[in-house]
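The same chain A turns up in both complexes below, where it pairs with chain B and then with chain C.
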Partner chain A sequence: MGTVRAGFVLQMRFYRRYPDLLVPLLTAPLYGGIFAMIMRYNGRTDLVGAVSLTPFYMSLWWFALFSGGWIIQTDRWEGTLEYLVSAPADFAAVVFGRVGATMLSGVAAFAETWLFARYVLRGDVAVRHWGVFAGSFALTLFAMAATALLMAATFVLARNAVTFSNSASFPFYVLSGILVPIALLPGWLQPLSEAVFLSWSADLLRASIATGPVPHPVRGMVMIALLGTCALAAGYTVLRRILGQVRRTGELGLR
Partner chain B sequence: MTVVTRDAVTLAPFGVPEPELQYSAGTPAIAAVDLVREYPRKRKDPVRALQGLSLTVAQGEVHGLLGPNGAGKTTLVKILSTILLPTSGQATVCGHDVVRHGRDVRELIGVVMGGDRGLYTRLTGRQNLEFWGALQKVPRKVLRSRTEHLLERLGLAAKADARVETYSRGMKQRLHLARGLIGDARVLFLDEPTMGMDPVAAREFRKLIGELRDEQRTILLATHDMTEAESLCDRVSFVRDGTVVATRSPHAVAGLVSAVQGLELDSADAALAATLAEVPGVTSVTTDGATTRILVRSQDDFPRLLHLLADHGVTSLRTLRPSLEDVYVRLIGDRGLEV
Partner chain C sequence: MNLLLIIRRAFWLGARDYTAIFTWKTWLTNWFVRVVAQVSFFALIGRMLGDPGQTQFLLVGNAVLLAAMVGMYAVNMVSWERNAGTLPLLAAGPTHPAVVLTARGSYLILDGTLSASGALLVTAHLFGMPLPWPRAAIVIALIAVVAASAYCFGILAGSLLLGFRSIQTIVTNVGLVTLMTLCGVNVPLDFYPEPMRWVASVLPLTNGLVAVRLAVTGQWQAALFPAAWEALVGIGWLTLCLLMVTALVRRGRRHGTLDYAS
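Let's turn to the complex of A and B:
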């Protein structure tokens, strides 16, 4: 736990030193405004609440994915990567602590998005099912941190991880159904969405602010927890294997 | 066989409980046997950085690694610190295999590489030490006092809360060393730690390393600096093309090439200097103010030279012993700017 905590504290200190990492907090309200206007233009004011929360997912994903790439990239640039793997602490635990800190930014992004949707866009975002909301929200943060660890592991192999991480966002936005309903995706693509935890998270969050009962809340939360746990296990395994590989090839210290 | 805990052999200046790793008092701090390290290349033969390198460093020893760029010093340090895996051969640190028991090795070592990189430059010196200390599994309470102690000891206390990017090269190097010590390392790997430092800072840094030697820490010092090696090391190993060509104490290295390298006499006149330069085996004759230095290829050339000097009435002369640098050039070869 001490190692995860050390990674967490380090990343929080980085946020003070690299405020540009918090840029999604500036863009989230703008996206919210765009999505809400599209709905209003098409006469679907009933959907304004749901779509105006979409930027939260985009910000959360961006924080997780970009941070994963950024963590590895900056450690390469600073020359700290080799020192990290020569320390007795588990490198994966350090990275998990650091991506865990980025989830706090995700919480801030949600608060900001919700307040903007409620008071500026005048969307109906009142939480009606608090249990579903709180459970799915916490599980989403966990699954996102775990997924970020998995992504960070693969970035150890990439010489320019940030470029890679920047381009990896939109496929997930589409597959998770946060930009367009999954029902509108080609039939062969739809089953893939079920393997993306964000699609379950988005369904539950939207349902928690909707009137009427939440369909299959337990199944949704179990799926988020399951996919998050799989990502965590895969992240640890892949990171260990990749570290073994770069120790063999000698590519760890390359910039 | 006597087994001692780390407490028994550490002059722990921090007064903290030591990890429970155990090793024999007689176990070498570092042992490498036939280490080979190849770097694969696409569509080309791999580069062999180490070619069967063997080395033993006793506990508490300061051991210098001397060799040109590309000789394999850094590769050796990286293998011993578990950053790299050897292609073949075996290496242990305090008896722990660096491949099979990497975690145990990492608990015993501190790594200090030369240069500007390796620190979080936008964080302060104190924040860096706190982070790296946590990664060395130093308990939080101990870490706070140890951080203070090291900042004070290495002369960084006044700038402890300034960003590392505002530090001078010498300060960064001291912070590197503090990071290497934050886990109370038994074995320190210093890879060109004074690279790029000004002479005064380098001298201060060497003084610090001398203090660490007095604390019975084992230090493997890879360096190009002969003065550094001569003043700090109990023994030095000359590394060339990925293998150790010789290991001696700095004071005994002269025997590796020749007991006597040349002669020095009161200034010879121009005619005598010209005559001396013609003697077979004499490699150079230089006159500098009141003294003339004559260097020879081998000891076999001395009799002829001494006869000639006697014939010219020279009755007072001194022998020149080779310096560590002379030995280095003889053993490694004068490669000029070749890398």
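Let's turn to the complex of A and C:
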């Protein structure tokens, strides 16, 4: 537990030293403003609340991709990975602690987005189904951290991880239906959306602020938990395999 | 050395740097998929609203924004030179460093034009927006003007931020979303209050986007005036950039701080 805490504190120090890691917290209100402006211009003030929460998911994905995803690779570039792996503390616990700090930035992103939507954009974002909201929010943070762990592990092996991270934002935003419901996507894309935890999460968040009953809340939460668990298992397996392999071949800091 | 030769070599040097990041294959399968998705993300709002006119407005605005976005990546160009330790060498050379700096990143104009034009053509097809070829050629030329204008703005911003490396990512990202907010990308310029419209008129993208919207509907003659304004805005930012780089190099020479960055 002490190792996890140390990883957490280390990542928080990174945030303080490199504020550019928190750039989504600055762009989120601007995106919220853009989406709200489009709705107001088109006379759809009823949609301002739902669309102005979209930047939360954009920030969350950004943190998973750039902040969590690059945790191991940056250690490798800095030449500190060898020390971390050879230390008595569990390496996976350090990574988990650091990824946990990115979850905290996700909480900050939600608080900021919600407050901006409620008090600046004047959107109707009152939570009407607290159980669904709290459950889906906690599961979303877990799934995000698990996805960040998977990315952190796979980015070490991928030669074009930089190009992937720069390119993996909007394709996932479209697939996840974080702004526009998945039903409006072409039919051949919709099955792919179901494999992205954000799509289930966005549906539940939208439903938790809407009037009327939430359709299939349990199924949505089970899917977020399932996809998060799959990402966690895959991330842990890949991480162990990579470490074993590079230790054997002596390529820990070389790839 | 002949000035044109220097510009050509600097351009190819920058282009070679770029090919170290992207091959044609990764450009098409990663970057191009991203830009098409970015335009689709916004165009889908129009579909959600059930308004084909709005879909076209958002599609064109966000496609042209890509040209400005790539051009704005020039913010990082100047600091890359400093990080690589080549800025003092450029300052010591007989050619003005601004010539090399502006030419070296000019591949971004080409990339921005290609990204924006390609995304526009693909998403226009996906969303059923008519864009016949002779008209499309004029649109692509106008997009190139936007990319160049934004590039000039980006390289000036990069020079201004040279001593503040830790906030460059912040400025680039916030700057891009600000262009998206102010320049008539998602709502018409009339929607903004007068002071905001005035600010938007001297930013890259605003006038060029007006020209593209006119050209898309076949009014290419009416598009000439805003296109000329976009070019003038770009020239204005380029002039400021040359002055800024000159002052920067002069100060760096005097204080011996050219190769230091915060």
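Here, the second predicted complex is superposed on the first by the 239 of 255 C-alpha atoms of A that agree within 3 Å, B and C clash if a C-alpha of one lies under 4 Å from a C-alpha of the other, contacts with A are read in each partner's own complex, and residues count from 1 in each chain.
Here is the rule we go by: a residue touches a chain if its C-beta (ideal position, glycine included) is under 8 Å from a C-beta of that chain, and two chains touch if they have at least 3 such contacts.
Everything quoted here is computed from the prediction, not taken from an experiment.
Q: One more residue to check, A:Y173. First (chain B), second (chain C), both or neither?
A: A:Y173 sits against chain C, while chain B stays out of touch.
Q: Please indicate which partner A:R5 is in contact with in the superposed arrangement: first for chain B, second for chain C, both, or neither.
A: Touch status of A:R5: first partner only.
Q: Quick check for you: in the superposed arrangement, does A:E78 touch first (chain B), second (chain C), both or neither?
A: A:E78: touches chain B, not chain C.
Q: When the two structures are overlaid on chain A, which partner does A:A134 contact: first (chain B), second (chain C), both, or neither?
A: Neither partner.
Q: Thinking of the overlay built on chain A, is A:G250 touched by chain B (first), by chain C (second), by both, or by neither?
A: first
Q: When the two structures are overlaid on chain A, which partner does A:Y18 contact: first (chain B), second (chain C), both, or neither?
A: both
Q: In the overlay, answer first, second, both or neither for which of chain B and chain C A:R44 touches.
A: Only chain C is touched by A:R44; chain B is not.
Q: List the residues of chain A that touch chain B in one complex and chain C in the other.
A: Common to the two interfaces on chain A: residues 18.
Q: What does chain B use to touch chain A in their complex?
A: 39-40, 78, 81-85, 103, 106-107, 109, 111, 113, 115, 117-123, 127, 130-132, 134-137, 140, 163, 179, 183
Q: Per the contact definition, I'd like the list of chain A residues that touch chain C in the complex.
A: 18-20, 23, 26-27, 30-31, 33-35, 37-38, 41-42, 44, 51, 160, 162-164, 166-171, 173-174, 179-181, 184-185
Q: Please name which positions on chain A make contact with chain B in the complex.
A: Residues 2-3, 5-6, 9-10, 13-14, 17-18, 78-80, 82-89, 94, 244, 247-250, 252-253 of chain A touch chain B in their complex.
Q: Which bits of chain C are touching chain A when the two form their complex?
A: Going by the criterion above, the answer is residues 21-22, 26, 30-31, 33-35, 37-38, 40-41, 44-45, 47-49, 51, 54, 58, 166-170, 173-174, 177-178, 180-181, 186-188, 191.
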